[in-house]
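Okay, so chain A shows up in both of these, paired with chain B first and chain C after.
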Partner chain A sequence: MTQHASPPRDSTGKVQSADGAPAWRGLMARADVRTLSLLGVLAALIVIGGITKPDEFLDTRNLQLVLTQASVIGVVTVGMTFVIISGGIDLSVGAIVALASVWATTVATQEYGFAGILFTAVIVGVGCGLVNGVLIAYGGMVPFIATLAMLASARGLALQITDGKTQIVTIPSVLDLGERDAYVLGIPPLVMVFAVVTIIGWLVLNRTTFGRRSVAVGGNAEAARLAGIDVRRQRLYLYLLSGLCCGIAAFLLIILSGSGQNTNGNLYELDAIAAAIIGGTLLTGGRGTIVGSVLGVLIFTTITNIFALNNLQSDVQQIAKGAIIVAAVLVQRRTASTT
Partner chain B sequence: MAPEPPLLGMNGITKSFPGVRALDGVDLDVQAGEVHCLLGQNGAGKSTLIKVLAGAHQPDTGTIRWRGEEVTLRSPIAAMRLGIATIYQELDLVEHLSVAENVHLGHEPTTAGFVVRGKAARVSTAQLLKRLGHPEIEPGRLVGELSAAQQQIVSMARALSHDVRLIVMDEPSAALDPDEVDNLFRIVGDLTAAGVAVVYISHRLEEIRRIGDRVTVLKDGRAVAGGLPAKSTPTRDVVAMMTGRNVEYVFPERPTQDATGGEPLLEVRGLARDGEFESLDLTVRPGEIVGLAGLVGSGRSEILETIYGARKPSAGQVLVAGRALKPGSVRAAVRAGLGLAPEERKAQALLMLESVTRNVSVSSMSRFSHGGWIDRAAELGAARAATRELSLRPDNPSVPVRTLSGGNQQKAVLARWLLRGCRVLLLDEPTRGVDVGARAELYAVVRRLADEGLAVLLVSSEVPEVLGLADRVLVLREGRVVHTAPARELDEHRVLDLVMEGSPAS
Partner chain C sequence: MPELTSRRGLLFGTAAIGAGALLVGCTSNESSDEPAANDQPAADDKPGKEVTIGFAGPQADHGWLNAINDNAKSQAKKYSDVTLEITEGSNDTAAQIGQIETLINKKVDVLVVLPADGKALTQVGLKAMRAGIPVINLDRIFNTPQAYRCWIGGDNYGMGLNAGHYIGEKLKDKADAKVIELAGLDNLELTKQRTQGFDDALKNYPNIKKVARQAAEFTVESGQAKMAQLLQAQSKFDALWNHDDDQGVGALRAIEQAGRDDFLMVGGAGALSAFQAIKQDSGVLKATVLYPPTMAASAIDLARALGQGKGVGGMAEFEIPASITLYSAVVDKTNVDRYMSTGFK
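Let's look at the complex of A and B:
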């Protein structure tokens, strides 16, 4: 399941041909230790939730809520994973989500209805990504600094647009997507978007030249350059991609909250980075998986949910999140040094 | 009755790194007040030896005596406390600190634990700089603003700020102009007159004649001669000691006919980069291997990287099959059929976290993809074919490239260009980190690629490698071609004479 995994092996460790074994067996064999351990953590959390609040946690509505909450930050995390794999960082994701959500919900934008909101959210996200990408790839700025500047200015602009007020969405077709009537087979549309973004992200990372180039640039930018890869253009595309994900996430957030606010997406950058890191993405670049990042998001969202159900305050949640990040990285260092 | 023990006596020092025996029982003794020169080719063990002396490496076996007493140099600080200071070739100064702060780094004048006596540091720094003949360097200036020569003076001032008895200088003259070299020699003279010993490393024999007292020659990790008189030992003898080797190189046979036919595949006209190399002309025909021989710092790697577009030339042109390349563009070079196997394989060529397949296919991804979508079966097949052709071991391109030996990693880089269909191969130190057995195999691979019509430009600091593999050799000294000849008309002594003395010593 990782883009750097060895080929499928059978139980004797012998390498099989690319299309030898049944697909499920190949998948099982390739799900590396890290993915399995993340699944184990998630399973343990579900057990904990089921024991402490059996009626409430395992309720369908609650599980739908958890997945819906995971969708917004999850889409952002997919973009962030690409950026981190390429050796970069995008601190501006939360601010871009905020700016895209308020720009897409102004009175003027709402006159264009559903399409206007969707289009504006995506264009604002991509536009911010473009600025980040140009500054980093062609302006030679350090990603940390360029996206920190974007964080500050996008938040500022979002505040200027809203003047601190909540912008209520009045387009029924947008709001309807958040209603239970829109669920297909019990799955909220937001979760479906998240699933589609995840699948596309996985395919792009593992099956396309774009994904390969991202990994190569992150693993060794100088080697990538000397191998004939246009490293700068690739970097530009990666920040565009992250911006696009922010635009989509902003649209999901508009559906979810029925409004646009300049405080949206607060600290998303930290949540997305944390999810990618516990999912096994190297902060130094060159290695990372979409599946790991998505599991990281699900783990964080589930913890938040369990804590809320058990009436534990957000301060305790924050401490727990910090502890999980430290534990995950320490475990990964251990496994990395033994292999 | 017993004679005064030497200031420093190193005895039977051995040091191994994974796969390499860098030092194999080296003896070195240094007297107080002498200039003791260390000579040897690249890889002979000079740097390892001085790192042992500086406390940066621990020897596997052997003893170090300091003024007759056995000592252990556990760390650079331990060596410094004894009075051993090292000035490395790569200066280890902090650019964003001032001259005075650099000089006193690690032993700042303090009051009650606080670094408050900045003035004291500046005054003592000024005195040291004056003693070194550079009173114009202001102690308050940032080191990053100084020239290379001035930085070297600061580095020396730092060494002298300790109570120093022995200074190791690793090619101190490499970055200096002639009159700066004169000043350096005056400083060395002052130091030795005060009883300080100097271990001086240089490739330039004429310098060793000017200031050296005794010479120790290292070769393949052994001291082949210790304590020779520096002024009277003939150059021929010194060169012979540096080159007589135990390692047998097995080179493939050259084709019986010279590759004089055919238009040049690679043509370089007046290529130059300021401060690195001057107006370079060369041609390589299909089937021909051209070698560049020269010492570290002669501009070899820079030349290859400029031809490849990884550095922008200040003048000149590169033509492939008669068509000029866009200067400073790697992508243009790769498109035109150039391939580079760079000197630092791990840092510049390989994606260490990735499989062999992905390392091989990275430059040819468009061949296995449709609309950006990679056909992984085709990719694996092509990578397998390319690595098999070079007999890369293990015969499984799915293994991570980091698990391969140095020689096979180099083959992975060659396979990358083979797969790309490259026509001109630039090889920078192709056998660095490759063990002896695998070298012969690599040489055979390179010769076979040339026989198949590739043009090969080879750079190596190992003169026998250039002479054995190349058809034609260009000898470089300080960024200039000083001699061009067919390889069979040159021998190692002659090339070393040329690269060190700069003038043909027939």
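Let's look at the complex of A and C:
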């Protein structure tokens, strides 16, 4: 629990240690230990997979499969990480993905082809993010409540649009992106999008004022305000960013499943929050890394993959998943506190 | 500077309104298809005594339930002597109880109830029966036969059985045949029943072994994810049974993405997209086992016969039966045209 103490910060939100010298070295080292312990968990999983199912698990196609399955939730998690770092929460991500994916696959939208689908998915995501952001930043609503309301309404609207029907995508240029022929150097396009979003997310968080402001707002909003940061506007942008990520994820999901359904994105909010948390992001805000979150997503996807390859049933999968979340966080705490 | 901001604001504002207008135009999912129903009413077609039928179902949040509502409505419309009082669908037990009580207070002649949860709604079924309103219990069964006059519904065990027999007959001459199963939501009893039926049918074919089973969640997304894993786990197998055509859309997508076509696939439920794929016969999907939504149309027929004090056409009995379990027919290329109109989206 020692990590909860917020070190003093300078005006840009950079952390300083007690003697005034930059404390980033110490933080960096600690972050590295966290990341290393996550890599350790992932490596352990790979060993388990390799021993139990050597032929099926250690296979290029399986690597492509795991990364593809991680892409949709991965993109959502990058957005979620920013929101959590700033001390907020976004419970509406799954519902936004559902709404964006059905809005983008209606008969009317599909008439506009590839661009229409992409545009609609992204704009619906950003639009929902905007509503969340305005309600939270300027309406003074608690993020938990505002995004819970968005969850309910977006799911309802998605159901109203689809009428419960599965909307099948018939645009070849969209469907082709999910086929093996579209792989470039063996990398599926979905995975490329995931990688690009991850890299941009990392750059924004670590190399821009926007990123430093996000951390500052999460660490101590009042101090950030006194330091001259427009906390409200920063919050608005963060929910917009999360919405944007949901829109992109919805487009990926449309490519992957070749359809839009109001049940899409079921419990994404929990998966994304869990991945961010085991990735070392503090639920109270002020700390977190994109790399950790992405590793969290990869750990979950790899577990699912190993279980499926070993033909374990859903009951066992769920029990083990819970146990692994606890184990991963405990291992992380131990390694982090011993340094 | 303020001028610049306002111009930028204007620009963004206009863009936002334009995008909004375009998006709102894109919510339409209009299609003018008539919902399907069979053309053989239980009692005769001639107008008889006026009957008011109350219909309460769950929220139509997926294709099959949507088809249930459409079937009930269109069947009721066929009869000039039937008035249908249909409630807003709800998955909330308390809300559904309230709706059924309202229908009881309105003194409808017959109730047709598809409960969100059969066990939880037993009491209100009993209440209706005691109030002298006979209840047709649709599909999800009440706890006690006292709560309904007639139960009509699908056969989950039979779905598995028929899928297993169909696959068994196709593979009976193949030594060491391998079969895999993509099940539905494992939390539901019906999924267990389907799997049980499938396993029991396969016992008749000693040369066939079920090598893998994974449970999806009746959604396209989960169907794609679980099927992709199954395909990676099993480099070679001969047949696949998928419990549900909705998740089958995702499963077929995964099969296509993996470039596999060396097995036969049987679906479940009877979605339009599955029928179309079976008719086209260009992919792995060769058949699907029905869980017919036309049961809602049959329930309206039964309710009308009950209200008019008639029996079922084609049967010698004076009264309608107490229980009707529908047959889970296998639809393949040979009979798909006959069922095409019953396919749901």
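We adopt the following convention: the second predicted complex is superposed on the first by the 296 of 339 C-alpha atoms of A that agree within 3 Å, B and C clash if a C-alpha of one lies under 4 Å from a C-alpha of the other, contacts with A are read in each partner's own complex, and residues count from 1 in each chain.
Keep this in mind: a residue touches a chain if its C-beta (ideal position, glycine included) is under 8 Å from a C-beta of that chain, and two chains touch if they have at least 3 such contacts.
Note that this is a predicted model, so its numbers are computed, not measured.
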Between chain B (first) and chain C (second), which, if any, makes contact with A:Gln69: first, second, both or neither?
-> second
After lining up the shared chain so the two structures overlap, which partner does A:Arg212 touch, if you call chain B first and chain C second: first, second, both or neither?
-> first
Between chain B and chain C, more residues of chain A are touched by C
Of the two partner chains, chain B (first) and chain C (second), which one does A:Arg287 touch, if any: first, second, both, or neither?
-> first
Would you sort A:Glu222 into first (chain B), second (chain C), both or neither based on which partner it touches?
-> first
Return the residues of chain A at which the contacts from chain B and from chain C coincide.
-> none
Mind pulling up the chain A residues that touch chain C in the complex?
-> 53, 55-56, 59, 61-62, 65, 68-69, 103, 106-109, 112, 116, 119-120, 123-124, 127, 159, 161-168, 178-180, 253, 256-259, 261-266, 304-305, 308-311, 313-315
Where on chain A does chain B make contact in their complex?
-> 4, 6-7, 15, 18-19, 207-210, 212-213, 215-216, 219-220, 222-230, 286-287
Which residues of chain C touch chain A in their complex?
-> 19-20, 23, 25-31, 59-63, 65-66, 186, 211-215, 217-226, 228-230, 232-233, 235, 246, 249-250, 253, 256-259, 271, 273, 344-345
Residues of chain B touching chain A in the complex | 308, 310, 330-331, 334-335, 340, 342, 347-355, 358, 362-363, 365-366, 369, 372-374, 376-377, 380, 396, 398-400, 416, 420
